[in-house]
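Next come two complexes, and both contain subunit A; in the first it sits with subunit B, in the second with subunit C.
What follows is the complex of A and B.
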């Protein structure tokens, strides 16, 4: 029985709604506040993977919900943004999610083997999101606590990402950088 | 290895997170333009040993196109700036001139 460096869990299904809109005019803030959510500052994460918001780009948020609540979230957002240039789409079925658990240094090391992103705790503290490249595909990840990270990617490459993570987390492959 | 800071989201991107878009500030001539103008727009590109203005897309991040000024020999990056401009902003020009006082000629 091998003993991998960290534990990699499939966190699907996760409710995810992507929102593209003008985020700074107050409308988005009040629309999300209605659902008990808060717009994060750039690169930050608010809430939890069951009910939270990821800052994806200056005009894009990813709203995380419980798996069966994403359609209702889309309806709420469409109502709130009616008449403005905006887009809210339920992308739950188009994304895979993984939960990484283990010693903080090892979780960072496993990710650092696959991504060019700066994984030092000072650069990627708990609650900061990084959208980047994981080997050959796009992914986004953030730390929810010490030694606990969430990772999302496109569902079409979910199997590839799981295999990648499993490979670089194999027993005996620690580098000890962090 | 090139590291460019995306002017939209502020992430210091590794070259492999970006998609190159070639020379920046190309001018496309409108209707009734000459064949030479169109050929120039399509095919004629600068290939300097020195300061070069380029387009890049933050493909593995926020997805936005931006511009970068860098030196093709030393790989020094003078700065990055949003794509909604027709020419390099004053701040970028100043940064280049601070390093290369006799630049400007090739620009």
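What follows is the complex of A and C.
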């Protein structure tokens, strides 16, 4: 379609490291602080897609790095957690990433056509992460600013997710809800 | 005759004529018309044929409840069957055709069924077609299939697109009449976020037609004002052409929005299915008028009284020039007054009540309309449509009549609140004796998790039939919804003048003592041809439950789901059973309220988006190189890579021979890869696997089996120990997600205090099998940073390093019996490594192979495959895998279950190899027969084939199977009869067909 509702950009590759550890005992916070990172509150995001942290679960974070910095991040974390039960693993290649840009309301609309998540600005403000589903596959997304969202999904369905987003963002499909 | 009036029609624009085709002929209506109003405007009263008897039927209603005027719309890629003409908005170029007739609407052969109606009584499906048995398949069913059904299914792919839309909101108000508008305003003013939806294209419902006055204004003005006010509120959103289809638990509601049904060439989706999660739902769904049951009430020209005035007021169309009104309540007088005001003749109002004293009746009399009380309709006659209405005393058998000439009969049997959405999620009803209808019982509303009501009815949908009561109740509903969500709401309803009404009379049959001959042509369900006599017959035959009666008689089935017939039918049942109506109850109201297009339900999931297909990093290469794919655990894996002109079978044989002779290349990326780490990881894996994983040395691999708590084999794979407290568990391609989930479940619920973390890194790595005698030479040629020699990287070892400059982990494991390496590389390098291996392997004849070659080679070696040799009933011991079950461990998942007597029964079917005597391939899944029959009269069996292939290596068929005491019977010959019963003999052999000592992989 000539004039889609929003722009969908391939944001792969992103550096991503899964960290599983006890997040509340101060050790994790200081380990991350060493790399200039901050542990987000539950369901939140800190930092940026190049250097930031996604809160995935009470004992799991996703650390975002520049694409070629993820191995170093794993090494740094392993060192920091030496002797403490933890798991840091590079998962940069396991996912595809997309950047969605446009009018804030339309970015929310396009996502609302595919996900049951509450897309109202008050429910999903900038900096809040949603792990949910997009049509038939798992995905996670968060707004990095007004009208700008990041979305990640598994690599094997990256093509499907791109096709999905493109389809529901076609010209003439505006809902006018948000 | 029905015709367009010179003036009037609040919804049409006479300056914008619209041309449409009906049964091939072109007609003209106006913008704003429905298909039904446009057809009535050109005197096309006949709009369909009924389901069973193919009786000619005219339009009865003016809205979603219409049972008769169902049309096929569009053609080919846009064809839609069973569209209600009453809700189909007219557009230029609309094509409509009637259904269920042959050869034409006017003359239908199938109408002969009507002559046979004596032989098609209630339950005829169950009675007539039982005997002789063979007649069902060859005579009755083809006949019924041919003659039954209304619209035909579309034969072509739907050209339109659809989408879903998910919304979370505070208050959802379904219905945009005066009640819905009031409730939305009340909740909106209170500060709640409101979504207000209306199924029609216009707001305000029927208040303007009924002449309501609100807050001192004509309804139309009041509606315009409140709609404008609502539109200006940022917290209120409004959608028309949006039907509330179903209400489910937790406030989940489906809405079906029509976007371009009325503008087929507009861009964008045709319909949108809304999935709303609402904190509170207000059902302001109005009410539906009931027909009256009298002889000939299905003749075209007999219509609901409200519909008659709808057509006059909304569309400037008169269904008839002379209209008799028959009623049991005050409301129908509005129709008489409307018609009179439009300059049409109203020969009489027949009021079944002995007296008509209400203000509306008085107004009718004052307007000069003849009102005859205590009267009903004995019959309606006419050729193809109403010509004469026979009035009789209601308290009679319809013997003495007065014939009144008329071309339209407007009937009103009272009003039933639309309780569908209220009922979907469990809202209960109460019988209102005064107004003779079921209405929502506010004390038994659907309740949410908090115990609070989450559905509230408003206005007429609550059973309030006067404007003032409706507004008051709607304000209360909106207030209650807002307050339930923590808002403060105003107790200030719009006001209308009080109305005096004379009570409705409960008239379920007209006249009261109508004889059988009349009851047998008094229709309850127009769409499904169910008459008063059918329900009576069902009752006499012992059908006491209304649900059973519905199925037996087909009352209230099909597209309208009894919107008109439900209450009348159960009232007849109640009378016949001598049980009060509330005790008979209603049938169950199930979503959707009106049919929702399949395309809307599918949403975006069609074409390439029908199903996500997981693709490996080398998928594009496979596709470009002719791979035949097969689905595996959501993935598409290459089954084989046939070359141009090569059969798939030949390709598979070539791939096996090339791999065994030289070297093959396999995309094994789909294998599950789970990292398990922590001080308790070894202990954890010892519980999950049947064998010992804690004793595995770093740098080594071990094949392991996983069982369910019931002992059955669920997954297998190679486990590698990465360091002291880290293991990498490979799972089957289909098992990655479920095994990962199972690990998390055990860790989070049962062994929550064990220090173990799991990460699923399946998609982080591409994994490539380099398999065959030349495998090492190929890797050497690519250039490895690690020692590839027999001792440097021994069998069941792994090494990290680089290969061709790419970071890899090489596992020396084999699923083929050949010298074999599985190389894991970050997914983004997968294609690069694949290319390097192909290039380096060219000199060695490297051949990519697919899953079928993989399967054959593993079967030649006697390796089992989860899903082939296992089916959820097989334990490892059945497969001769006792060597992989630790005897030293106190426990592992499945251990206790495997000690049950049934599991240790020596007669269990166990894994063996099978070789046909003639070298042919045994049919997969075939059974070995034993002597004698089972108690069920079936042949006894003693084994079955679990995998069967043609082995290119051996040049003959090989198979694996489970056979009773199989391993003890090596050498015996079993009979596996083919489908035609001819014997196929196979000898029991060891399942390892080649290289039993493993010499090929040990190099």
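Operating definition for what follows: the second predicted complex is superposed on the first by the 177 of 178 C-alpha atoms of A that agree within 3 Å, B and C clash if a C-alpha of one lies under 4 Å from a C-alpha of the other, contacts with A are read in each partner's own complex, and residues count from 1 in each chain.
Heads up, the rule we're going with is that a residue touches a chain if its C-beta (ideal position, glycine included) is under 8 Å from a C-beta of that chain, and two chains touch if they have at least 3 such contacts.
Since the structure is predicted, the reported quantities are computational estimates derived from the model, not experimental observations.
Asks: Regarding the shared-chain residue A:119, is it in contact with subunit B (first), subunit C (second), both, or neither?
Replies: Touch partner of A:119: subunit C, not subunit B.
Asks: Does subunit C touch more residues of subunit A than subunit B does, or is it the other way round?
Replies: C
Asks: When the two structures are overlaid on chain A, which partner does A:56 contact: first (subunit B), second (subunit C), both, or neither?
Replies: In the superposition, A:56 contacts subunit B only.
Asks: Under the stated touch criterion, which partner chain does A:127 make contact with: subunit B (first), subunit C (second), both, or neither?
Replies: In the superposed model, A:127 contacts neither subunit B nor subunit C.
Asks: Based on the superposed arrangement, let me know which partner A:147 touches: subunit B (first), subunit C (second), both, or neither?
Replies: neither
Asks: In the overlaid three-chain picture, which partner chain does A:47 touch, first (subunit B) or second (subunit C), both, or neither?
Replies: A:47 contacts neither subunit B nor subunit C.
Asks: Quick check on my understanding: which residues of subunit A belong to both its subunit B contact set and its subunit C contact set?
Replies: Touching subunit B in the first complex and subunit C in the second, residues 116-118 of subunit A appear in both lists.
Asks: Once bound in the complex, which stretches of subunit A touch subunit B?
Replies: The touching residues are 42-43, 56-58, 60, 116-118, 130-133, 138.
Asks: Inside the complex, what are the residues of subunit C that reach subunit A?
Replies: Interface residues on the subunit C side: 163-168, 193, 237, 266-269, 272, 275, 277, 604-605, 608-609, 611-617, 635, 675, 677-679, 726, 755, 757-759, 761-765, 826-828.
Asks: For a test of understanding, state which residues of subunit A touch subunit C in their complex under the given definition.
Replies: 13, 18, 20-21, 59, 85-87, 89-95, 109, 112-120, 123, 135-137, 154-157, 159-160, 163-164, 167-168, 170-175, 177
Asks: Over in the complex, which subunit B residues touch subunit A? Could you list them?
Replies: 8-12, 14, 16-17, 59-64
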